[in-house]
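Paired with chain B in one complex and with chain C in the other, chain A is shared by the two complexes that follow.
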Partner chain A sequence: MSTMSGVVAVNTFREAVRDRVLYNLVFFALLMIGAAILVGQISIGIDRLVIVNLGLSAISIFGLVMAIFIGVGLVYKEMEKRTLYSLLAKPIRRWEFLVGKYAGLVLTLAINTAFMTIGLAAALFYVGRPFVRSDASILVAVYFILLALALVTAIALFFSCFSSPMLSTLFTLGIYVAGIFAGDIRNFGALTKNPMMKGVTSAIYYLVPNFHNFNSIAAAAHGEPIPFALIWQNTLYALLYIVLLLVASSAVFSQRNLK
Partner chain B sequence: MSSHSPAIDIQGLTKDYPVGFWRKRMRRSLDNLSLQVQEGEIFGFLGPNGAGKTTTLKLLMGLIFPTRGTASILGRPIDDVAMHREIGYLPEQPYFYDYLTARELLDYYARFSRYSTADRRTRVARVLERVGLTASADVQLRKYSKGMLQRAGIAQAIIHDPRVIFLDEPMSGLDPIGRREVRDIILDLKMQGRTVFFSTHILSDAEMLCDRVAVLHLGKLRGVGAPSTIVSMDEQGMEILFEPGEGRSLSASLAQRATPVGGRYRLDVREAELYSALDQLRDCNARILSVAPLRPTLEDYFMRLVERQPEQPTAPVEASTR
Partner chain C sequence: MMAIPVLFALLFVLQTRIDARAQAEAQAQEELMLRSPAAIEKMSLGYNSLLADVYWTRAVQYYGERFATPHATFGLLWPLLDISTTLDPKLLPAYHFGAIFLSQSGNSGADRPDLAVKLVKRGIAANPKRWGLYADLAFLYYWHFQDYKDAAAAYLAGSKVADGPAWMPIMAARMEQKGGSIDTSRLVWSQIYESSANEKIRKMALDTLKGLKAEEDEADLNNLADQYRQRFGRFPSSFAEMRDAGLLRGIPVDPEGYPYVLGADGKTSLDPHSPVVIPEVPKTPPPLPKD
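Here is the complex of A and B:
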């Protein structure tokens, strides 16, 4: 990442902080406190399962809402409010600006996720469960959630370069949902006899990122170890998609007339 | 760059925008603009709304792309991002990150010029002082008035000591004191040897400040030169001030053309018509108070230009590649 992108990234993070985006942490904290108190009273032996499931799902949903709703406005808002005009008159290339905006939001998501993970750990500690080695799978699950969020942000940024926030939200959400059910879509294609439907389902399966691969919440909740190979595989898979999306975003945005 | 090459060189710059639902028709916003601005000049870019002034500035800043033509600033093509270290730009009706204070905004923009922290701090304080925002430097921009935002905009355009400064309607939204301060800043920049290219439709500002002006109307360049040269390009005339003769009324043609001014009349005539007009006034027993050559202002020139060429419906042009 260039120095110019770094300057934009820090400002994007500052914008998120000043726009009180991190206030969602308060809701997460309340959710965790409530869950810890409730689980402590009603569950016998499954407190870890419930809290980890609830905590990781909340981290994923809170992050997803942030990634989509802020991501789709990353570029659009700058064009709409014309803050981009004075910025692009400075010695910064358009792709540097895009990468900076992207990195700024991913930094915000990472810090948000880190705080929520600490909240989850605190809830687990509250229910009186000592930390054990297998809890490392929780951290891996959090890492996978972050990779998925970074990928969703890249998709939102791509649409933000040429589409309105409402359409970008629909497109991004659509791709995310299709990505979660990518396996099912392929299975549906295998069952159907319609060749056109087969083609469409295969195209969706290969084009849309498979978000199901990033979901290891169940494994983490049950304390099952997550294979090291899956960590590498998911990291490279996400990076490849992110780079492709950033290159495509830059190509679109570099040609765009800013009216 | 040699000392004689222009600071801004525009050659045949043309911009078409797609219009209509299918975006197949094109509307020409700027038509074959060619002009040069020399280093150290204050250059005014004049024209009514929709003349193509902002389009030209956006093309020069690389915010939009030309359909045809080229331009260079300080001898370097406009798509050379490194050249942007040497230029400053104030957009029309600027809007900045309103969650930042003016000090933070200027520090943010200064970072793109890679100044050290100490250097940035000094520059920011100096520029805030220059635009009169020191007292409100630590107030968030969302609480700024339009005039204060305009000053913040000028500050960000000059924070890095650029050699060429582009200002799009810099006086817009400012009160008379603010306008005067901006005029002083522009003159200061000239004293420092900077080139200032500013668009405006406030003609008195252009007459007061500019070494040269260009007049743009409906996307076409209508004239370029010193303000005095520009106005002399148009037809000169004579102004006759008179009082009607006692008991005599003006002839119908004179009454139609003369403008009443507090019990007197003013009649503007072409130089060739002067003696015939005087004869007519003498026939009416009118008392001639003065005959003086008309000194047309830039505003007169401008108004006549606009009246002569009223806005025409969008003319379709050849589809462009962009």
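Here is the complex of A and C:
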């Protein structure tokens, strides 16, 4: 990442902090404290399971909301406030600006996720459970959530290069949901026995980002090990898709008439 | 600014009235808007594990509200457990809970041992290395269907699991040889009591064990009354007479400390005030569920 992108990234992070985005951590902390106190009384022997499920799901949902609602405004806000023009007047190329904005939001999400993970660990500690080796799967699940969030941010950034925040939100959410159901979409095509339908649904399956790949919440909740092969495959998948989206975003943004 | 607390107070009063009416209606018509586990799984958008916990907690609360309530029905217990275990097939406590409370009758359960078997078999398919599920299946076959052969097979299958306890093959042999005896029933319920972490299940097991003890005591006391009649030509009129005849050491009491009642025909029964209940085994067991 170039120096200019780095500067843009740090400023994007500072902007997010100034916008009090990290205050969601307070709500998350309250949620985990409440869950830790209540869960033992109502969950009949599955307190660890409930806390891990609740904690990881909250990390995922909070992160998703941040990635979409901040991501769709990354470029649009700069254009609205007219700050983009003074920025691009400086020796920074358009793609460096985009990469910097993207990296800044991903940095915000990573820090947010890290604090939430600490909160989750504290809740597990409170219910009196010692940490065991199988808890490593919780960290892997958090890592997968972060990969998914980085991918969603890239999608949101892509749409924000040419669309309004409202439409970008809808498109990003739509792609996310399609990515969750990608497997089912392909299965529907296979069930129809129509070769063209099978082809179309298979194409959709491989085109949309398969977000279900990154879902390991259930495995982490049950303390099951996550294979190393899945870790590097998911990392590579996310990296490739993010690069693809950033290249596409740069292509669209560089052609855009900003007047 | 004063208006805000006043408005909140009014909202509080209004909400309690709405809740009271909703509660009355809810008890009249049990409602679960979405019953399809597959549909709920799709709608969960990947958060199926968390939703499973929500439905499981709801199942436990649903049962707890109705337990020991006269004329209570448990119509939603199966759908709630079905959804929980579809969303999270590894939710082991749900299978154990369902094995006991789906199968129990009266105001203790849904009286659907067939659904309990279906649930536990699904649990075994998803978790084949959990010996506890085989023990639950064996219990259902033994207690509710009097199918000692399938009960023995379930115990045997459980004993072959990696950490299967040593008592499982013994139980399998017991089923084959002495299925239906009070001793065997006591062993089955003792294992449930010792292996369950659920307080309600442990209490149910303990109550059943007390009932089995009372049943055994009644049979023994009836035998002793027959012996008295053979010796003296008439049934004893009290336990004191049996004690004086050397047939008893003292006045027998049930597991809750209530003295047994001796009838004029020499038959012993429980004190009407005793909380002990002798478990009823259906004379004609229900049909086994088809696979």
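Simple rule for what comes next: the second predicted complex is superposed on the first by the 252 of 259 C-alpha atoms of A that agree within 3 Å, B and C clash if a C-alpha of one lies under 4 Å from a C-alpha of the other, contacts with A are read in each partner's own complex, and residues count from 1 in each chain.
Note that in this section a residue touches a chain if its C-beta (ideal position, glycine included) is under 8 Å from a C-beta of that chain, and two chains touch if they have at least 3 such contacts.
In this text the structure is predicted, and so the values were computed from the model without any measurement.
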Next on the checklist: Please determine, from the superposition on chain A, whether chain B and chain C clash or fit.
Outcome noted: fit
Checklist entry - Is A:Asn11 touching the first partner chain B, the second partner chain C, both, or neither of them? => result first
Next on the checklist: Contact-wise, after the overlay, does A:Asp19 reach chain B, chain C, both or neither (first, second, both, neither)?
Outcome noted: first
Checklist entry - Once the two complexes are overlaid, how big is the angle at chain A between chain B and chain C (Cα centres, nearest 10°)? => result 150
Next on the checklist: Looking at A:Leu54, would you say it contacts chain B, chain C, both, or neither? Reply first, second, both or neither.
Outcome noted: second
Checklist entry - Counting only touches as set out at the top, which of chain B and chain C does A:Ala89 meet: first, second, both, neither? => result first
Checklist entry - Now for A:Ile217: first (chain B), second (chain C), both, or neither, which partner does it touch? => result second
Checklist entry - In whole Å, how close do chain B and chain C get at the C-alpha level once superposed? => result 29
Checklist outcome for this item: The intersection of the chain A residues contacting chain B with those contacting chain C is none
Next on the checklist: Show me the residue ranges of chain A that touch chain B in the complex, using the header's touch definition.
Outcome noted: 3-4, 7, 11, 14-15, 18-19, 81-93, 255, 257-259
Checklist entry - For chain A, which residues count as touching chain C in their complex? => result 42-46, 49-50, 53-54, 57, 60-61, 177, 180-181, 184, 211-212, 215, 217-218, 221-222
Item to check | chain A contact footprint on chain C (complex, rising order) | outcome: 42, 45-50, 52-53, 56-57, 60-61, 88, 90-91, 93, 97, 197-198
Item to check | Interfacial residue positions of chain B with respect to chain A in the complex | outcome: 17, 58, 61-65, 81-82, 84-85, 87-91, 93-97, 99-100, 108-109, 111-114, 153, 156-157, 166, 322
